[in-house]
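Chain IDs A, B, C, D and E follow the sequence of writing; residue 1 opens each chain.
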Amino acid sequence: MPVQYYIFLSIALFCIGVMGVLMRRNAIIIFMCIELMLNAVNLLMVSFSKMWADAGRVDAGSAQLFVFFIMVVAAAEVAVGLAIITMVYRNTHSVDINILNRLKN
Amino acid sequence: MVLSVVALVSALGVVLSKNPVTSVLCLIVTFFTIAGHYIMMNAQFLAVVHIIVYAGAIMVLFLYVLMLMNLNAELEPQKRNWLKYAGAISGGALLVVLVAALRDASMPALSTNATDIGLIKNLGMILFKQYVVPFEVSSILFLSAMIGAVVIGKKE
Amino acid sequence: MLTVLLILIPFIAGLIAFGLKGSGPKVLGMISSLATVVIAIGSWCRFRTAPDSLNFVANWIPQLGSQFHVGLDGMGVMLCLLTAIASLLVFITIYNRNYEKANVFYGLMLLSQAGLTGVFTAFDALQFYIFWELALIPVYFLCSLWGGEKRIAVTFKFFVYTFLGSLLMLIGIIYLYSQTPDHSFSWASFTSMQVNPEDQKWLFWLFFVAFAIKMPVFPFHTWQPDTYEQSPTPVTMILSGVMVKMGLFGVIRWLLPVLPQGAAMWSDVAIVLCIIGIIYASCIAMVQNDLKRLIAYSSIAHIGLMCAAIFANNEQSLQGIMVQMFNHGINIIGLWIIVEVIQNRLGIKNLDQMGGMAQKAPRMAIFLVIISLANIGLPLTNGFIGEFLMFSGLFQYNHWFMAFAGLGIILSAVYTLGMIQKVIFGEGNELTATTTDLQPGETLALSLVVIMIIVLGVYPKPMLDLVSGTSEVVSKLF
Amino acid sequence: MNALISTALSGVVLMFVGLFVRNKQHIKFFAIAAILIAFIANLAQYPAVEHGGYIMYGMIEVTKFGVLFNAVALGATLLYFLLSGSEFEKVGEHVADYFALIFFILAGISLATSFSNLLMLFLAIEIMSIPQYILAGADKKSLKSNEASLKYFLMGSFSTGILLMGITLIYGAAGTFDISGLGLGAESVHPLALCGIILMVFALAFKVSAVPFHFWTPDVYDGSPTVFTSFMSTVVKAGGFVAFLRMFHSSFAGGNISEHWTLILSIITAATLVLGNFSAVFQQSVKRMLAYSSIAQAGFMLFAIVAMNNRGAEGIILYAAAYSIATIGVFAVLMKLKDYTFEGFNGLARKQPLLAGAVAVFLFSLAGIPVTAGFFAKYFVLSAAIEHGHILWLVLIAVLCAAISVYYYFRVIIAMYFKQGEPEVEAVSGGFKAALVLAIALVLVLGLFPNLLLCWL
Amino acid sequence: MINLVWLVPFLPLLGFLVNGLGRRFLSKSLVGFVGSGAVLASFVISLLIFLEVKAPGFSAQTVHLFDFISVGSLQIPFAFQVDQLSALFLLVITGVGTLIHIYSTSYMHEESDESFARYFAYLNLFVFSMLILVLGANYVMMFIGWEGVGLCSYLLIGFWFKNTSYNNAAKKAFVMNRIGDLGFLIAIFFMIMQFGTVTFPEVFAKAAPLGMNNGIITAIAMLMFVGAMGKSAQIPLYTWLPDAMAGPTPVSALIHAATMVTAGIYMIARSNVIYTLAPHIQTVIAVIGLATALFAASIALKQNDIKKVLAYSTVSQLGYMFLALGVGAYGAAVFHVMTHAFFKALLFLGSGSVIHAMGGEQDIRKMGGLRKFMPTTAWTFFVGCLAIAGIPGFSGFFSKDEILAEAFANNPVLYVLGLIGALMTAFYMFRLYYITFSGKFRGTHEQEHHLHESPAAITIPLVILAVLSVIGGYVGLPEVFGTKNMLAEYLAPVFAPSAPFAVEHHLSHNTEWLLMGVSSVLVIVFILLARQKFTKFEDAGQESTGLAKVLENKWYIDELYDTIIVKPLYELSRFFRDVVEKAGIDKLVNGVGRGVQWGGQQIRLVQNGQVGFYIFAMVIGMILLFVIGFLL
């Protein structure tokens, strides 16, 4: 299976994530779509890792570790993000991002 | 191949489903398909971690928050549809542009040979030898996330 | 060291003046400006015997190749003298006025003097730029704090306009700097290198626009009448007497020697702009009812001639413009002193409401007539020498340019005499009937002006000799 | 390295201090002491790296430049603590936590100055960002603060996704994460690498709030508690620039590759300058004006990156210092006022001459008037661009925009000096005044002798 | 003595300074004494110098005072040149000047102390300037005096500065002079460019080799003539001179009749080499001179202001002088300058005496029969009229006939037209004389009561000038009378350099006699005609029509200038001020500012507060930049 295939698959997933970010107004769903984007990246990273491993690079495992770190960061982000969303919900009783436009111009 | 199709369809499901809970479930399906890919590419450890962290922890957290906020019903009003279409179109355009950009890249095919880099032992060696600094540094990240959760979540 | 003192004395005096109360700032201003006049004259004497001793070089930012290099050549001596005399005249004139927050007023005046002197003595491009900007700041505050009704908007326009011009110049300076072989900002390395003619083509405009805004040359002049009108008159004196000379000075010191081919390429365009400016400004001056605006436009016309003469660039025109820088400074300051007197007595600037002041204030009337005549370049006044040489130089450059510029001679007579007539002649009215004649301070200042007008008009040789060196240098480099 | 360790430890210590010390003043003193220690520790490393970098596991490379930049960032933070440290308690209860978060951000910045692996870059940027999301939302009761936090968070995560995509694609082309070994400057450009670099440009442009990735900036800076805006818009932003600079100058410079992203980045720069300056013109609130002005200033700093020469690096340091000091100073005075609009400044010069004078000096510096540090900052970035040679059009735009910037900066000066009014000002302490004088002195000294800072480079 | 020539202008300058600075404390008599004394002393010195110069074999001498302008190779010294021409002018200026100063002490006596002193200061300054003009050893010096006299003329016309119309007249005079001055100035620049010098002998020496009809010489000649047009009130720049009568009458006598207005003639006579080399310009000069002579004379026919008549007559006489210059008769022109100075000063002073007696009245229709009240004035005035009309034996006869004879030699048409002018001159002068002095008094009773002969300070100069008007002509007695033309011989060295280029015209003595006879007879006829018509003049008070009205309104030239030059110029200026400046450039500049504000207002709307939109815009930006950076 060519790497190209994985590239296009990840890009497709990535763009679906972007699309979701653009189309949805629910902050949580947007956040989920961002997670989808990150996972697309992860997938691509793993396929490149495999690619370079095939090419005989010894340190190809570092890409998998990178994925690991992305997961770590994603977890941290989720913690903060959900806290923020909860805080906003507490104050506005909504997670619709369009309700928030006090700050403009 | 099948996995890929399922991944794409369920990803679209995340974006398009009206019910947030359905979205969450679709996302979980996507995660599983991605994990399948990991296994296909000999990244066994990652596949496991992926299932545990994403499908297990993170998505449950999402689901929990959704339930907590009682957002399982569709709440988004249907006004300003053009933004949706514009979003879809521009997302599609981004896809087209990226594909066009990467079309010419001549890449090797992945061999079906199993490699052992994805084994937990090898990864552990790299992590604690070469990647010890980021490992330590990520603790700062967690600390700040922790403080953040406290600062923001704590009632006054 | 003398040169440094010329900057340092007003600078320190300015800082001290902020802290003084009562008539302290006044006295300090007098002392400081008198001291600078003395030093400027001293440096003139020194210039004749040992010109090199007027240079002062100190390390400043060695990594950039920038030095603190002040020095004086003939033109520098002359302009420093003008600056010093100008502030002395201003201080003498306003000695009896009581300004609100006098300490700030005098402090800023002295600081602007320091900045101006800095511009005229800088032999390092970066330093030149810095002083160029610094001279502007105190003036900005002076105008905005003590000006007329529309002062804020007007001075702001002035500030932004000149700031934009100087930024363009900064680009030019940096570009030239990057071209110098020894990576230095010094005047010597700027002038000794050969800039690629293609580059000179556009570099010229970067510098010229900056200088043209300052002078101002048509069509960059619209800030000027407004600013002159709205500024407090003492500041206008500095502005029109000395500050506009910065632009002319810049062209002579930095533009012509550094970008000779660029200047040669564009000199026709520049001169045509200047000539349009002369005729245009003269025409507008003819139909002005506001005294300050009238003088402002007349100044545009005069500066237009000077700028045209620079680009004609031969020995006569260059020497002419240099003496004229000094002489125009003296004359226009004299005129502004009279405006200040009129405004102080009548509180108005509208010419239609004046008239008949010759009866109540004959001394002022005489001074006005003499200074105005000097301003239109009557022979045996100082204005004639410069104009004669400039026109002669311009004529040698191009007959037709001179002929059109010469129309300015006629028009200047029209509006200047019109102004005299409206201000001092005629029957007078209730308002002007209350006028009183000059106070001693004003008389002293105006007498000094008139003495300089006559002496320099009859015997201009020392002044011509003073600047001949500079003009030779410039025309050789060109 | 020392900076990283000391700031991270200080952060942890302050967390615990918050548990045991109730007096908020004392917490502030702890923080000031900690930052001083970090400052000194950082400088202590200078002799070691003076003649070559110090490399750690291929992850971190401490250089002279990094140490110097850390010194600027830590110094600016010190000034910030001195001027605005007491404002923290007005935001909320968790004063110690705020300080801790700021120290963590500083740790992220010191990482950004010294990373030598893409993973470290990623972590550095996240460490800088996550605490900011929290600080932006620190005022939990304020809807504006909530909104700022959520906006920042959503857009920040989005840009993280883009950054990661970029890194992945670059990895796909290069097979390594080591920034010195990427080897992308070769004659033929791999499409994956190019695509990745462009995506990284976008992500980093987001961090430094360059157009069109700037949208979070005004809203977040406006909505966040002012005291944190002050920090976020200065030190943190400068940190983003350093990461940008380090990344692009060490890996993507030279060869064919730089042509592509230089073009994109110069377009971004031009757009940033124009939009930042134009938008600032019509603002009513000084705080929001400063937010836009930070975009505009970012446009100038981008020159240094576009130019890719040593002068640019010098420029970034000087610019970071000048800009941080001046903005922190203006914010410090702003926080003493009740009214953040321009009218709120009316007549300040009469009532508080020192405050007004300080603001005037800082604004002169921001506008780039000579004898203030801002002049040389602008000078260096402009000369970097001019030496580069091919982006003179950009320089012209920059100059026009600089003239526009005078407009909104001088609105404040006009309000303070030339308009009548009775501004409501909080009482200011002697310490505050002393710190203000220190800041003025810094601005002027750097404006006269920029080599005092640059001679270390 | 010649080395002391600087005293000649210096003394009046001293007088100016004393009177100007001391105007507050000096008494009238002291002021008068200082003013007149300074000029008188100058006259004495001039006389001594003249005697030296008159000696045969005298060649021009230059007295170098100091370097005025020295720039590179261009050296313009402050130096005086004493030769036959300047010595003659010195005499005329200081001589007539002295008389007028003396006259003024009485005439201006009613002014306040301060104005009186101011008047004498101006007058002295004028004499100083005029002396600089004629003494200057180079064109720049001449230009200094040239502008200086213009200034004094301005100051003296506007002497009564409360009156706005006087001020306007003064301004007009100055501006019109400046138009001419510009021409002169450009001529000087041509010299500097071409010859590198402006000193007379050097210029002439360098001009001669260029030969006839050289372009540059022609240009110089034309431009200098433009200057002369302004100063000497020739068409088209003459209109200021009649207006200049606003000044005190002695001023009109001195400046606007005897001295300043002849500066143009002096200049051309001085530059005779250049003009001889440019025959085309000579033709132009002759035509313009003749046209002016006729035109002004026609206007003078119908003027009723005593001074206006004299003013137009002056313009007309100046036209004759230019005619002479145009036909190459430089000597004749100078001769006429001299005689004209005598009789025109006499006439003006006489009219001043009349005005003085009439209490300021200048309209001749309100006078009449003054002969019996002021006999001295009347007979001296009559002598003046005879002189100007050219009755044989009087000075005007010799000078005018010399001009007409030279004109005839050049072209008979010029002679005929010149003669017509001369006839008109005779007619209007005697019209003036008879209306004023004969018949019966038409003024008010109060005026009649006040009528009296003027005091001695006024009448003595009148008498002296009358004598000079009679005998002044004998210095230039033409050769027909069997004597040598003393003046021509005296002046010959001045015109010698141009002699090689000049075309010689020779008239036989018979022709000359014939011409003299014709003109004398016709003049006498016209005088009798005037006597016939105007001795019993009654003011009918009716509106004149047709040509008479046109003449009364001076051919509507002022109105014409007003419509085609002044008004459009002011319209243009207003257009510049209101449209180009305010609505154009300034608006553009402000518009940029406003545009920035407007742009700011619009651009900030992009920041609409919606996160969705923000991310959308970011994505769009990414796509665009991708396209630019990658695919292009």
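FYI, a contact is a pair of C-beta atoms (placed from the backbone, for glycine too) under 8 Å apart; a residue touches a chain by one contact, two chains touch by 3 or more.
Since this is a predicted model, take the numbers as computed values, not measurements.
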Original post:
Which chains contact both subunit B and subunit D?
Top reply: A, E
Original post:
If we look at subunit B and subunit C, which chains touch each of them?
Top reply: D, E
Original post:
Between chain pairs C-D and A-D, which one is joined by a greater number of C-beta pairs in contact?
Top reply: A-D
Original post:
Using CA atom averages as chain centres, what separation in Å is found between subunit A and subunit B?
Top reply: 5
Original post:
How big is the gap, in whole Å, between where the Cα atoms of subunit B centre and where those of subunit E centre?
Top reply: 102
Subject >> Inter-centroid spacing, subunit E versus subunit A (mean Cα positions, whole Å) >> reply: 97
**OP:** Could you please state the distance in Å, as a whole number, between where the Cα atoms of subunit C are centred and where those of subunit E are centred?
**Re:** 37
**OP:** Spell out, as numbers or ranges, the residues of subunit E touching 2 or more other chains.
**Re:** 593, 604, 607, 609, 611-612, 615-616, 619-620, 622, 626, 630
Subject >> Interface hub residues of subunit D, defined as touching at least two other chains >> reply: 119, 123, 126, 130, 133-134, 137, 140, 149-151, 154, 158, 169, 172, 192, 194-195, 218-219, 407
**OP:** Scan subunit C for residues touching two or more other chains and write them down.
**Re:** 160
**OP:** By the touch definition up top, name every chain pair that qualifies.
**Re:** A-B, A-D, A-E, B-D, B-E, C-D, C-E, D-E
**OP:** Report the residues of subunit C in contact with subunit E in the complex, numbered from low to high.
**Re:** 157, 160-161, 219, 221-223, 280, 283-284, 286-288, 315-316, 319-320, 356, 358-359, 362, 373, 378-380, 384-385, 388-389, 391-392, 395-396, 399, 402-403, 406-407, 409-410, 413-414, 417-418, 421, 424-428, 458-461, 464, 468
**OP:** Show which residues of subunit E lie in contact with subunit C when the two form their complex.
**Re:** 66-72, 74, 78, 114, 140, 143-144, 146-148, 151, 154, 158, 161-162, 164, 167-168, 170-171, 174-175, 178-179, 181-182, 185-186, 188-190, 192-193, 569-570, 572-574, 576-577, 580-581, 585-586, 589-590, 593
Subject >> Sites on subunit A touched by subunit B in the complex >> reply: 1-9, 11-26, 28-29, 31-33, 35-36, 39, 42-43, 46-47, 49-51, 53-55, 59-62, 64-65, 67-69, 71-80, 82-87, 89, 94-96, 98
Original post:
Any idea which subunit C residues touch subunit D in the complex?
Top reply: 60-64, 129-130, 133-134, 137, 141, 144-145, 151-152, 156, 159-160, 163-164, 167-168, 170-171, 174-175, 177-178
Original post:
In the complex formed with subunit C, which residues of subunit D make contact?
Top reply: 364, 369-371, 375, 379, 382-383, 386-387, 392, 395-396, 399-400, 402-403, 406-407, 410, 414, 417-419, 449-451, 454-455
